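Per-chain numbering from 1; labels A, B and C assigned in written order.
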């Protein structure tokens, strides 16, 4: 994985520029061929429908940047939604303190992941695979699987529909989240240390960075953000149930990786993640509006297939060009060693 | 002793759980239902063998559930169309191997991260399956179930075959150079390359083998009932990965044994029936499974810290 | 105010981008803005009806869709068909909100979340889109009519009565459901348990297990239930993959006939078990007719032939059907399939 930093930077630039190009192509194509794609109502729907996954992706980005992963965020959404339901319905709390307590609970859950990963130095994939089951399991146990919390405070439900200054509230929150994570990752020493840890935790430790705490922070934030996503989700869907956020962890990871963050850690940008979120959201919305697809009724399936294909192409493009280069090199320099494949997942 | 700490501790937990069941619900050990329960785990065991090998090589494959479903439906449709059973097995294995080869190409030759590659192929095969089969069950011809044997004989045969596969693979992994290569590549690909192993080829063939096993597992599943449910592969990848992890296969490669993964699978597969036999409500199941996974890794973490200090 | 400028800008942008494409591709589809409200009842205009199952790739709803497509042929309407492909509980809401912006005239929806989807459906109604629900209802204020295969009460009590009949009104039984969160199954379970408490004091519900809508898991759960509860006399499987799964487990345990199996399922998936005497009864309505009726109701509502307060309506080959005071159109009594009659049905 040792590239020179300059060639790496150009490659990164290429990735994000290419992604923006894909996004622009998608939009142009859908504006022309998809039914009513460009209407203000639809554009606002695109944002509203992708807000929760978008927030999770933003929070997932620094986690992956440090070389980790968090599979538990979708399950944590379910747990937080249920907690909010318990607080407002069974304990009769007002919405505001209940929401604050839910976010606090999300942070605690994030801290749980973080402490297992940093203090016990356990692999994040396995820890969060465990909490992926545990959080969803707790949500199911609390509701005995069956209970659905309904009839929330109308003021709270407005969160799902409000449009301050003409944009849906979700757009504001997503924008704020993106800005916050951008500042954290790109404009603070903290953020730079995420990258250093992702490149080499040992190196970062020798360089005198407080690796423990700085590895922990992204997981903590992911917990808090999952709680916020759960609140938005509950307001939009008007119900809280143990199945909220099912499968969202994979959607979030997809957006982050599509956005150019290396799954091995060490490289990536927040604006790439934002572009990744947008590319997937636009594809999901637009593909089902193309008349032929509408007629066949295969919008959902096609959207998944194309997202998968886009992900593979985005990842394979630099690898393919590298492979071609190495083949060419091998022809000219038969004795030189080819680079070994990068191990791990 | 220390070397097999994880395997032994998981086996210890399993023995404790079985002991508890023996005291509280001895009917758990009635022979026939026990045989049915064990046979039902054969497909997952076959997948777990493959997943363990993939993880030892420091890769992961989350597309195996989708591969499994696609192979089951393919073999089921061919059998329903008159294909003979002895041909279904190699066909399903070949189909699986082809899907595995795609993963392998992308991971080994293009150097792409396996978690992302297999995430994409997982979605792709699942959607292909949904679009082609549309959720319809396939009714298999008579004689497919239990390979035309009696039920008990068929179950015993399946169990014996899967255990033989496990023993053979475990032996190969420990004692043959091809098997040792997986550990070498998983612990340090560069060092492996310098000592004359081709890490790319090793990685590629592990994925191909994983795919073939997914096909074999699918056939092991469809001979257990007269119908194929196209959703039969859903979630199997997580079961197999969890079994491997609990059984001590390290996610960062190079460590663990198939016997450990086997014990891990037995433990996880016992929890669900144990809850029913101990009359614990169903909604606790996921939470308890999560706890078991966490306990297994925490024990490992604490032990390795103590060893280090 | 900002919305209207945004609209103008986007329309401008839109026309800018459409122009060259329209020149290049003469056959390309133009967008239809605001088609629904004004033209809904307009004579001569083809109605666009959107039809949503609870999930795609599910044999029950595939049969439903078949019936709906038959009605589409008869009525000459445009059909949009879409539904969730994953287990995300928000997906149906998103599809409804997308349909609103697509400008459909009528929606027919089988609701996964009764309360959850009501907000989105009300939004559609505010835009002048007519809404019918089928298979499982939303809150009554979010739709005009509900095409029902039978009421939740009817299904729950029917299942319990059939189980009691098979067991001679005494003994233990267990339920296999799809997931613990499935809303309509929880509704049925409520009525099953109420009927049990009210009419069958000698029967006992010992356990309820989820099978994740998978046959194999249903089989494993049933094997466990049979072992853990030796006095079990009956398994009630209330989601369609669970019925053959439970039957296979009973067969493998060698308890065919001693432990009765009944449930809600498709005859084609249970034929062999019914004939072998492992499964006693499978209860289901004609699923294709449910889709057919839902589409007829949607069409009648969209064209103005069916209005609030009507007490009956004519639905193609199904003839005249009653509409009750809550706006529910009942398909008719469910069938009980058994060894004798299962060959008469081909779905």
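Methods note: a residue touches a chain if its C-beta (ideal position, glycine included) is under 8 Å from a C-beta of that chain, and two chains touch if they have at least 3 such contacts.
Quantities reported herein were computed from a predicted structural model and do not represent experimental measurements.
Q: Relative to chain B, which chain has the most distant C-alpha mean position?
A: C
Q: Would you say A-B or A-C is joined by more C-beta pairs in contact?
A: A-B
Q: If you average the Cα atoms of chain B and of chain C to get two centres, how far apart are those centres in Å?
A: The mean C-alpha positions of chain B and chain C differ by 35 Å.
Q: How many angstrom lie between the centres of chain A and chain C, each centre taken as the mean Cα position?
A: Computed from C-alpha means, the inter-chain centre distance equals 33 Å.
Q: Could you tell me the distance, in whole angstrom, between the mean C-alpha positions of chain A and chain B?
A: 28
Q: Touching at least two other chains at once: which residues of chain C meet that condition?
A: Residue numbers touching two or more other chains: 56, 85, 180, 210.
Q: Taking each residue of chain B in turn, which ones touch at least two of the other chains?
A: Only 127, 130, 282-283 qualify.
Q: Any chance you could list the residues of chain A touching two or more other chains?
A: 140, 144-145, 301, 304
Q: Which part of chain C faces chain A closely enough to touch in the complex?
A: Chain C residues touching chain A: 1-3, 6-7, 10-11, 13-14, 17-18, 21, 28-29, 31-33, 56, 80-91, 93-94, 97-98, 100-103, 113, 115-116, 118-119, 179-181, 183, 186, 189, 210.
Q: Name, in rising order, each residue of chain C that touches chain B in their complex.
A: 56-59, 62, 85, 180, 207-210, 212-216, 219-221, 223-228, 230, 241, 244-245, 248-249, 252-254, 268-269, 271-272
Q: Show me the residue ranges of chain A that touch chain B in the complex, using the header's touch definition.
A: Contacts found on chain A: 69, 116, 120-123, 125-127, 129-138, 140-141, 143-145, 250, 253-254, 257, 262-264, 298, 301, 304-305, 307-309, 311-312, 315-316, 319-320, 322-323, 340-345.
Q: Going by the contact rule at the top, pick out the chain B residues touching chain C in the complex.
A: Residues 25, 27-28, 30, 32-33, 36-37, 40, 127, 130, 133-137, 139, 151, 221, 225-227, 229-232, 234-235, 272-273, 276-277, 279, 282-283.
Q: For a test of understanding, state which residues of chain B touch chain A in their complex under the given definition.
A: Of all residues in chain B, those touching chain A are 57-60, 106-117, 119-121, 123-124, 126-128, 130-131, 185-186, 189-190, 193, 199-200, 203, 238, 241-242, 245, 250-253, 281-291, 293-294, 297-298, 300-302, 304-305.
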